[in-house]
Amino acid sequence: MKHVTEPAYVRWSLIAVAFLFLGLFLILPLIAVFTEAFKQGADVFFAAISDPETLSAVKLTLLVAAISVPLNVTFGVAAAWAIAKFSFRGKNVLLTLIDLPFAVSPVIAGLIFVLLFGSEGIAAPLLATLDLKIIFAVPGIVLATTFVTFPFVARELIPVMEAQGKDEEEAAVSLGASGWKTFWRVTLPNVKWGILYGVILCNARAMGEFGAVSVVSGHIRGMTNTLPLHVEILYNEYQFAAAFSVATLLAVLALVTLVVKSVIEWKTERQFEVEEEYHFDVSGERAG
Amino acid sequence: MSIEVVNISKTYKNFTALQNVNLHIPEGELVALLGPSGSGKTTLLRLIAGLEQAQQGSILFNGEDNTNRDVRERQVGFVFQHYALFRHMTIFDNIAFGLTVRPRKTRPSKAEIREKVHSLLRLVQLEGLAHRYPSQLSGGQRQRVALARALAVEPKFLLLDEPFGALDTKVRQELRRWLRHLHGKLGLTILFVTHDQEEAMELADRVVVMNEGRVEQVGTPEEIYHKPANPFVYSFLGRVNLFHGRIQDGRIKLGEAEFEAEHAHFDGPAVGYMRPHDVEVSLHPPKSSATTAVRAQIERITPLGPFVRLELKRLDTKEVFEAEMSRQRFLELNVVEGGLVYVTLHNVSIFVENAPAIKPTRVYVPQQVSI
Amino acid sequence: MSIEVVNISKTYKNFTALQNVNLHIPEGELVALLGPSGSGKTTLLRLIAGLEQAQQGSILFNGEDNTNRDVRERQVGFVFQHYALFRHMTIFDNIAFGLTVRPRKTRPSKAEIREKVHSLLRLVQLEGLAHRYPSQLSGGQRQRVALARALAVEPKFLLLDEPFGALDTKVRQELRRWLRHLHGKLGLTILFVTHDQEEAMELADRVVVMNEGRVEQVGTPEEIYHKPANPFVYSFLGRVNLFHGRIQDGRIKLGEAEFEAEHAHFDGPAVGYMRPHDVEVSLHPPKSSATTAVRAQIERITPLGPFVRLELKRLDTKEVFEAEMSRQRFLELNVVEGGLVYVTLHNVSIFVENAPAIKPTRVYVPQQVSI
Amino acid sequence: SAASQGTETGGTEAGGSAQAVELLNVSYDPTREFYQEINTEFAQEWKEKTGQSVTVKQSHGGSGKQSRSVIDGLEADVVTLALAYDIDALAERELIPADWQKRLPDNSSPYTSTIVFLVRKGNPKQIKDWDDLVKPGISVITPNPKTSGGARWNYLAAWGYALKKNGGDEAKAKEFVAALFKNVPVLDSGARGSTTTFVERGIGDVLIAWENEAYLAVNELGKDKFEIVNPSISILAEPPVAIVDKYVEKHKTKEVAEAYLQFLYSKKGQEIAAKNYYRPRSEEVLKAHTPAFSEIELFTIDELFGGWTKAQQTHFSDQGVFDQLYQP
Amino acid sequence: MKKLFSRRGFLPGFGMTMGYTIIYLSLLVLIPLSVLFLKASTLSWEQFVGTILDARVLASIRVSILTSFFAACVNAVFGVLVAWVLTRYQFPGKRIIDGIVDLPFALPTAVGGIALTSIYAENGWIGQYLAEWGIKVAYTPIGIWVALTFIGLPFVVRTVQPVLQDWDLQMEEAAATLGATRFHTFTRVILPHLLPAIITGFALAFARALGEYGSVVFISGNMPLKTEIVPLLIMTKLEQFDYAGATAIATVMLVASFVMLLMINYLQWRMNKFDAAR
């Protein structure tokens, strides 16, 4: 395969350049986070991550992710279905609108919910009569998080579903399966890796989101502080080591998703390899 | 179950894929839908299955209107061109799918399903492979799984879209034979799409020839081959030689060759169509009717196993044409490239052009004159 | 330019794709590489082009060792099965690509390139389409663009991987004819891959039959069809009937039929191979040598245009086999399904099994006995 | 939220009852440790006095941002912010009466602080007073007054010093402050950013900071690396506190909220403030901690700037004095 | 209704999923964002223009756009490189590298900003060596660029990677048989094919960079007219309770981003349509 690859020296220099770039921009910061976290020793580190307020922040962060990720998955799947399996006018505008939250500054993302649900906001009278609290409470945090992570699943799924085509769905329907059954038993299993990948990205961002959540959270300790906010507060209290310790929790989280993803990819690849092996079998069989 | 397609038209945006198609498929027949790529074969099949909605016309099953009925209620077995097997399910689950998605009331028990699937696996001769995945099968095996899957729901009829399109010649031959046996065994109505005329002729009780969204001819393979309704069908069904000439004074003139024309009561240009195997090649001028014989030079000899093809050039019109003969006859003739021979034209079909403004391939009128 | 493939072997991981392949392609020939899917055709082509590296053996161009030379230096025109046209380039740019990427010194001027591309477009009869994109062409047109692109760099020889694989029968026939003319015109050495035996026989000066990474036979289409070296070649090149029997006392017995065996100086099981068109069907027992005739029942009649195929069942061994005859002969015979006929077996080739432990198709030895 | 829970649990029968009550104290950074102590002590005292248990929830953030949150609906029972201006903003939205500052003693500021300098150990650049900060080659770290409340104190302290030194000459003061900001290489958005820049990045010769934050920084980040320098003149920073009438009424927590703020003035409260490096108002407590709080001549914002609203208007609004003098 | 949708194909659920998509999108994105415009519209036209045309705002827009643009450019180049290396080559640690690409999503941006500052400040791990060369990174526009490159990288890598994975190697082989060098093959054959994905990745990274706040404020130094970014100005306005001014700036940036994304999606669609044309 010499013709479709570069000479070894080019290959290795490219790899080296990629490493250098990633090293400067990704790996070093990661190392820095860990170094800062352990600067004052493991005691401080473990004290920080086992602090009750940290734990409650962890809980809230997980809760928020547990709500907003499924919401966005549902949306992503519905949107992907509508966009990938049908053709209609204005697809581009719809796609762009789905992308839009990527383009909104997180601070603004938080602000719009304040403008909407704040005590001077548009929906304030309604909320007052219903005695509902949205911002400076968990619903607001969920809303802001959902907003900023909105496009991930859909973005991931749409191309996958488009590539998949409609063949299998048509087959299922012609065999008498209802729409739901077709979706559950045929479409979903086919896009499950796409969904998982979308979930991983969405989840990572949901847990790591700071700007938007900061605006709507109210920073009430032990109640509306998510992990990133907790990091900020610790930092503002001159507890730098503790702040970074908590930040490592998030980094570790990212690394865990990395492992999950790798496992998934490894599994799919293996499945693929099995296919290839069988391909050989088949040709052997046929010729025999 | 019989199928009746009545005056169906289907348009995609501004492209007409089907135009006033009428078709009757009697119960129990094995019918081939033959036509070039893009002629609307798949579209027609999908309309019958209910996977697509027509703009106009109706589809009757056993005389009952089915046009607006849902795919699921039509009980049609559909085998897709690329099989569309469920990749993440084993062969067993693929075949069982149609049964397991039934509403609880009508769903067979697990044991019944297993029984059924295994009997189908036996039918398609894939008994050992129940637990493989589609990716672990060869093309021919996948094809058979797709068939078994469609049969599992006991469809009233079976639609197959280019069932053997993507397969090797050898595997294809095998599966064709197998499909014919299956048809004999189950007595289903089967409609299958192909663009290979040999496949259509070999397999089908009746062939429907389509072109550009229209049905050009319906008939038995014999009829289609030997009594083509128009030049399109003629040339689509096998190799063909074209001779350009005129009708004049009730006689047809193709270069030096001349024939009596029975139904030709007018003068004008005409085209003669002729199969290569109807070209008789001899070393000496035929004694009987010298007017149908012309002289030609052998340009190329291609032995093709059981028969030999000669590429010939008429000395009178310089038209190039082909002749096919058995190997035995060829050896008897003992000719070489460049040699001169006498050629007698048998079974020429003449199509007369009478509306020259429109596309030439479509405006010939089936005014066929057998000579 | 002539190509010499010497003792090439190629292994992917633990799978042997080619095994000690030797091949000589003389200058100016049009050679077909024929074989079932997975037999290593593409691999061999890629090795010659330099797109792949062999583990063993060498490749000579005009006697010069090219084994380790880079693809770019080999000056080989390669046409890929799925054309591999550059999607984002117009037809013009696709064809011009090979010229525009030349180093400045040897690169022709813009005007020269334009001239060249247009002459190639004329050659492949696509003059009006220079500014279209590949996606706006039909399959046959794309194929021709791929050819023109390969020809633009004036290759010393041309390699084509299943050039007509994905096309309609009609388009295929047309392109075959066109390729043959092109070959005649340019006098290039051409090696093309196919798994369609008719295509190979029709087009090629010489056919290379491959199976499981080995060359089974090399020869003219005539030789390959009429003197197959082994059962694989025999059955790959056309329809075939198999009769199982024994060699005993210097005679071959296939059921009731018996023949003299010249070279068979031993006793044991044997298989007779026979083409359907060599089966002679008659209503009365043949007078001459009654020992080669058997009785059979007609199971099915399939008219296939110029000829008719009968499916027959021997009354003695119950073996099912096919006979093919011209339509004329069939009409003369005037038989119906279920009728009884006499069948004379001509041209039976006997292959003797001598190493039963190994895969049966590969262990027959070309101990062919023409009768 | 904390506040609404307060309504449900403790609100119905305010005071006197054994029902638990919750307060939300919206404060600024970094008062966590200080208020944590206050909260425990107060809860104990309140329990003894009324038998009711009280939990105080804390919210911390930039002072301005916290004020905005309260305006936008963060239902704080009490606010304890860095600037009166931020509480004035609440008054403007009629969450509290305009005269809120008169409701509690000492301008509603139970503790004060001032602006000091943090320099590197041994004071290598010999920074003693404000004048040293405008010398060429001195690098000063202070946050952006437009985004940080603390930075506004820094700015006003410098301004006040120059004004006093030059006998009230506004132009001279402007020149002085402009010169000072010329020496600022990095304008962080908040006090912590500045501290990090100074401490961690090693940038700058002097950090202008609140007294209590300077102590915090020194204690947390390295007693051996930094020292505090008191300027001759500085501003009296008066972090104000107030109950948010609208919300205590809603939650029916007025009584306990008032008691909470009163507690800040009690001896115990003052002690805790002093311990956290806030200057107590109580003379007695101040004396007890005198070595820590050395004598500095302090001026108030009302004296020199006519109150926060006015100061904000003239100096920090768009196109205000700061925008004019700051020309990087 | 039924008739209308049934023509779109036989698959069920278009109405439901489309309806859900629109409703969810409206509730979560469109209505909230429209509030932004509403708020900005409380300003008179002169005020609005005045806010936008203020020297500091203009300067910050310049800084934001320039740094975001360069960050997106660098990401486009190195993102492709990383995607290329990850899909084409085998080397130790490949999986880890592949996973780490997502890190900027997971790490709170502020943490990222602080970590980067600690590396690139004058006394930082790398900053100290750069300082010897007279290069200052932290507290200069270069610092902003570093932070924005950090947060934008996954967008490019993750959009280019799948396209490269699906890429048909035969195109490269075809180019090779026609005598093209690797360089020619890459620039003339592969790159044009990757371009749509690169542009998308570029656009997303650029849009995201324009809005980024958390990581930048730590490394930028926030010097007005020099290293002040738009989101910081928005924050400044908010600190002064100037919601209308803040939303005015936000609106302008949002519209700009939207138009850019729309153009790119349209471009993409045009290209795809081209491909699908028969």
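So that you can tell them apart, the chains are marked A, B, C, D and E in the order they are listed, and the count of residues begins at 1 in each.
Keep this in mind: contacts are C-beta pairs under 8 Å (C-beta built on N, C-alpha and C of every residue); 3 or more make two chains touch, one makes a residue touch a chain.
Listed by chain with UniProt protein names: A = Sulfate transport system permease protein CysW; B, C = Sulfate ABC transporter ATP-binding protein; E = Sulfate transport system permease protein CysT.
As the structure is a computational prediction, the values presented were derived from the model and not from experiment.
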{"item": "Co-neighbours of chain C and chain A - touch as defined", "value": "B, E"}
{"item": "Two chains sharing the most C-beta contacts", "value": "A-E"}
{"item": "Euclidean distance of C-alpha centroids - chain C vs chain E, Å", "value": "54"}
{"item": "CA centroid of chain A to CA centroid of chain E, Å", "value": "16"}
{"item": "Chain D and chain E, separation of their C-alpha mean positions in angstrom", "value": "38"}
{"item": "Centre-of-Cα separation between chain D and chain C, whole angstrom", "value": "91"}
{"item": "Touching two or more other chains - residues of chain D", "value": "71, 196, 200"}
{"item": "For chain B, residues that touch 2 or more chains besides their own", "value": "50-51, 71, 168"}
{"item": "Shared-contact residues (touching 2 or more other chains) in chain A", "value": "3, 121, 170, 173, 178, 235, 282-283, 286"}
{"item": "Chain E partner contacts - residues on chain D that touch it in the complex", "value": "62, 64-65, 68, 71, 89, 144, 146-147, 185-189, 193, 196, 200-203, 316-318, 323, 326, 328"}
{"item": "In the complex, chain A residues that touch chain E", "value": "3-6, 10-11, 14-15, 17-19, 21-22, 24-30, 32-33, 36, 74-75, 78-79, 81-83, 85-88, 91-108, 111-113, 115-116, 121-122, 143, 146-147, 150, 159, 166, 169-170, 173, 178-179, 182-183, 200-201, 204-205, 207-211, 227-228, 231-232, 235, 243-244, 247, 250-251, 253-255, 257-259, 261-262, 265-266"}
{"item": "Contacting residues of chain A [partner chain B, same complex]", "value": "167-168, 170-178, 181, 185-186, 189-190, 274-275, 278, 281-283, 285-286"}
{"item": "Contact set on chain C toward chain E in their complex", "value": "49, 51, 71-72, 75-78, 80, 82, 84-89, 97-98, 101-102, 133, 135-136, 138, 149-150, 152-153"}
{"item": "Footprint of chain D on chain E - complex, ascending", "value": "54, 56, 114, 117-118, 121-124, 138-139, 217-218, 221-226, 232, 235-236, 238-242, 245"}
